[in-house]
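Common to both upcoming complexes is chain A, partnered first by chain B, then by chain C.
After this line comes the complex of A and B, so read on.
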C-alpha cells in the first residue's frame, strides 16, 4: 500500500517529465514531415535504409524552376491571390460595416446565410462554380480563379471585419465630433487608424487562404493559371518526389514566415477560422 | 414624414452595404448549389429531362454505400482522436511550461500549411522508406518488416489528426485559459484531489469548448479533399469520389458527380445539426453543474 502510494507520488512528481515527453513527441509529430520534405528536396541518391541523404544537391530546385516553371506559377499565384484579396476585402468592409455598426432586422439570419459557405464542404459548390465558369468562359483566367477563391475568402473577411467594426468605440467618435472634427476628418484621423489593423489582419488571412486554396483552383484552373498548390499536386501525380519536395519547400516557406510574423499580433482563435487548407 | 424617410434611407444604405456580399453569396455559392442540385436530377449529358438514376446508381451500389461509411469513419475517428490529443495538451500548455510560446506556435503550424504539403511530408515520414519505419526496423527488437502506415485506413486517420487537431486544441486551450482559477482552488480547499478537481470541475466546464472545437475538426475532416486525394490510396471518401467522376471519365460525368455532391452536402448538414443539438445539450448540462 505504501509502495503504491509512493509510486503514485513518484508519478505525480514526474508529471513534468511526462508533460515534456508529450510536448516533445508532439513537436516531432508535427515537424518531422517538414524535415523529411526539406531533406528530400536536397538529397541525392537517397535510398532504402539510410537516415540521411548521402549527397547534397540543389538540382531538384533547378528542375523545379526550369521544368516545373515555378517563377511563372508563383506569378499566377500572387496575381490570383491579390485579386481575390482585393475583392474579398471590399465585400468584407461593406458587409462588415453593415453587420457590425448598423441596425437591421434579421441580422443573425443574414449573418448565418453569408457564412454558410464555410459550413459546406468546398468541393460540393466548387462543382457548380466550375460548371458556371465553363459556360461563362471564366475558366483559366485570373479573374475566374480569383472569383472562385472569393467564395471561400469573402465569408471569412466578413467575419473578421464585422468583429473589428463592432469593437469600435462610439465614444471615441463622439469625442472627436465634440472636438470639432467633421465627418471626413473623423473618418481619416480617427476611424481609419482604429480599423486599419483589423483590415490588415483580414487581408493577410484572406491572402494566405487564397495562396493555399486547392479544391476550387483544381476545378477552375487551366494551363495559364496553374497555381502553386495545383502545380505541386501535378508533380505528385508525376511521381517525382524529390522535385515535388523542392516545390513544397518553395511553397511552404512564405506561409511559415507569415505565421511567425503574425502570431504575436493575432489571437490563435482568429487563426482557427482563418486558414482551412482543405 | 422625415422620420419615415430617414428610416427608409438608413435601411437602403444597409442594403447597399450588403449588396456585394449578397451578390457574391448568390453568384458564387447559392446559384452553384442550385445548379448542382438541378444537374444531379438530369440524365447524364442531357440538358433536359428529370431522373433519379444518378442517386439510384450511387446509393444502391455497395461501393457507394461504403464510400459514405468510410467518410464518416475518417471524420469521426479523427475527431475523437483529436479530442484525446488536445485535452492533455491544452492542460499542459495552460501551465505556461518553459517554451510554451514555441509549442503554441507548433500547434498552429498545420493550420497554415496546405493540406497537400502536409500529406506529402507525412507520406515521406511514415512511408515504408521513411524515418518511422527505419526506426522501427533498426531499433525496436523483434520488428523485421516495416509497419505499413501510408495508404492504409489507420494511416489516413492519423494524417487527418495531424492536419485538423489544431481546431480542437486551440479552442480548448483558449477556454481553459479563460477559466477562473479560484473555482479549482475552491475545489481543492474542499478536499478534492487533483484528479477529482480535473474530472468533476475542469472537464465539465470546458466540455462545451471542446465540443465546439471538435465541430470544426469534424467539418474539416468531412470535407477533406487534398489529403485523401494524394494519400488515400484505395480509400476514397466522398470528396475524392466526386472529383473522380469528373476527372477520370471522358466525357466528364457531371450529373453523377453532382448527385454525390448533393448527398455529401445533405449528410453534412444533417449530421452537423444533430451534433450541434447534442453539443448544446451537453454544454447546458456542463454549465449547470
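After this line comes the complex of A and C, so read on.
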C-alpha cells in the first residue's frame, strides 16, 4: 500500500518535472530569438562559436539612428499607423453598428466580403493594391500606404466593433429614452461610454497591425514612406546584422509599451465583448 | 377633464402577418395600478412599448393625461419605466443612474442630489450611492431601476415584468413593496406580467390579453371568480371544464346535463334550455365526501385515477360519469389511493358557467 502511494507520488513528481520542462522550453522558444537579437544589438566582436559577446557597445544603435535614419522611419511608421487606425476605426464604427445592431439581408455575405482581404495571401492582394495605387499616384504617400493597411486593419475593427455593438443592451438605450434622453444625448451619455472599451480595443488591434504590416508596405512604399519593418528588411539585405538587430529591438519597443498598457489598463473581456446584459 | 390617465384607442400593431395588438381599446384610470396579463406573445409588451413610444402603432391613438401622444417621441413623454433585465447604465454609479433623468433635464446639481437621495430612501437603498450596478444583487439593481423611474415624479410608472429576473422569495417581497410604493405615491402604474398570481396580488384591475386582443378587464376578484372565457379561466388557474347543455332554468339556478349526469348551477342570464354551456369548477372547491354521507344535489360517485402528494394537500385525478375527469385537491390527512371509490360534490354556487359555441 505504502509502496503504491510512493509510486503514485513519484509519478506525480515526474509529471511536474515534465510540465516544468515543457514550460521552460516553450519560454525559451519564444524568448530565445528575441534574446539573441537583443544581445547582438549590443555585442561587439561576437563571432565564431562564442556563447556571449566579448564586448558591449551601443554603437549599432547610433548607426541605426544616423545611417538607418530610424527617427524619420519611426515617424513615417507612426503617422501611417495613426492614419490607418483613424480610418479603420471610423469604418469599424459604422460597419460594426450595421452588423451588430441591424437585421439586414445578406449580412453573412457582406461580412465574408469584409473579411476577404484577410483570407487571400497578402502578396496577391498587395500586388493588386500596388497596381491600382500606381494608377492613382498613391504610391509613396502616407495616405496611400495607410489606405493599403486599412484593407487588412478595417476587418479587425469591424469584427471587434460588431461584437461591441452586439453586446449593447437595446433595453438600456430604451431606458435612456424613457428617462428623457433624445438621440444625441443617448449617443453621448450612454452609447459612447459603453462602446469606448471596444473602440480602444479596435484601435490597439489596428494600430499594432499597421505598425507590423510588411507585405502591403513593401509594394506601396517609396523613399518618403519607409516604415520600420521595411527598413529592417532592407538592412538585412545590406548585410549589417548588428545594425539590423538594433533596428529590430527599437521596433519592438512600442509593441511592448502597448502590451504593458493592455495588461495593466484593460480587462480583456471588456475589450472584446463590451458590456453585456446584467 | 377625464378620469383616464392612459387611453388606448383602437390601437393596432402588426409585424408582417403577426398581429401583436388587434384593435386594443383600454382606459386606465388616474392613480390605478393596471396589470396587462397574458402568456408570452400576447401583445402585452407591444402595448407597453406603444405607450413608451418605442413602437409606433399602425392604427389608433394613444392618450396620456388627455393629450394625444401617438406622435410624441419617447423622450418627451415624461414616463418612468422599470425593465425586466433592470436596464441600468452599467458605466454609471447608483447615484448617477438614479440622477440620469435629472441630468438630462438639466436640473441644478444640489436639487439633483436631494432628489436622488429621496428616491433612494423611497426604495430603501441609501448608502449604495457610489456602487456600480454590477456590484449589486438582482433585488438591489431592481430597486435602483425603480428609483430611477420614480426620481422625477412621472405621472405614469411602467413596469415590464420587473420581478421575472428575481428569485421566488424576493419576488414576493418586492411585489408588496411595489404595491405599497405605488399606492403611497398615488401614481398611475401599468404592470406587465405573465404571472397570474403576481397580477392578482398587486393590481387594482387586470387586463387579460390573448393573441393581441383583450380577453377580459376587471378587478382581480372579477377575473378570478367570473372569468368570461375559457382562455381566462385556464390562464387564471382553472383546470376543470365540463361541457353541457341547459336542460331547464328555474329562477336563480339552472339544470345542466353533462354527458349522462345532471348538475345544478347558478342561472346564466339571457339563456334558455338547449343552450350549450361550459362549466368551470376549481380543484380546491370540489368537496370529497365520506362514504356514509347522504347523496344530494351535485353529488356523484367517482373513482381515483391518480393521486399525487403535494405536502400540504393531495392532488387527485378522478373519473366519473361517462369518461369525465376532474382534478380535485384533497386533504393531505386523508389519503385515497388509485382505484379507490369516492363520493364528490360540486357545490352549486362554485359552478361557474359561460355560454359555449
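In this text, the second predicted complex is superposed on the first by the 249 of 278 C-alpha atoms of A that agree within 3 Å, B and C clash if a C-alpha of one lies under 4 Å from a C-alpha of the other, contacts with A are read in each partner's own complex, and residues count from 1 in each chain.
By our rule, a residue touches a chain if its C-beta (ideal position, glycine included) is under 8 Å from a C-beta of that chain, and two chains touch if they have at least 3 such contacts.
These numbers were taken from a predicted model, which means no experiment stands behind them.
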Three-chain arrangement built on chain A, chain B and chain C clash or fit: fit
First (chain B), second (chain C), both or neither touched by A:132: first
Contacts of A:169 with chain B and chain C, given as first, second, both or neither: second
Partner chain(s) touched by A:177 [first = chain B, second = chain C, both, neither]: second
Partner chain(s) touched by A:257 [first = chain B, second = chain C, both, neither]: neither
Which superposed partner A:56 touches (first chain B, second chain C, both, neither): neither
Partner touching more residues of chain A, whether chain B or chain C: B
Touched partner set for A:123, first chain B, second chain C, both or neither: first
Partner chain(s) touched by A:185 [first = chain B, second = chain C, both, neither]: second
Touching partner for A:193 - first (chain B), second (chain C), both, neither: second
Smallest separation in angstrom, by C-alpha atoms, between chain B and chain C in the superposition: 8
Overlap of the chain B and chain C footprints on chain A, listed as residue numbers: 275, 277-278
Touching residues on chain C, where the partner in the complex is chain A: 52-54, 73-81, 83-91, 100-101, 103-105, 133, 138, 141, 148-149, 152, 158, 165
Residues of chain A touching chain B in the complex: 16, 19-20, 22-23, 26-27, 29-37, 40, 47-49, 51, 87, 90-92, 94-95, 97-98, 102-104, 110, 113-114, 116-117, 119-129, 131-132, 147-148, 150-151, 154, 158, 208, 212, 214-215, 218-219, 229, 232-233, 236, 241, 244-245, 248, 251-252, 255-256, 258-260, 263, 267-269, 271-272, 274-278
Chain A-facing residues of chain B, complex: 10-11, 13-14, 16-22, 24-25, 28-29, 31-36, 39, 85, 88-89, 92, 95, 97, 103-118, 120-122, 124-125, 129-131, 134, 137-138, 162-163, 166-167, 170-171, 173-174, 213, 216, 219-220, 222-226, 229-230, 238-239, 242-243, 246, 254, 257-258, 261-262, 264-265, 268-269, 272
Residue numbers on chain A that touch chain C, as the complex places them: 169, 171-172, 174-182, 185, 189-190, 193-194, 275, 277-278
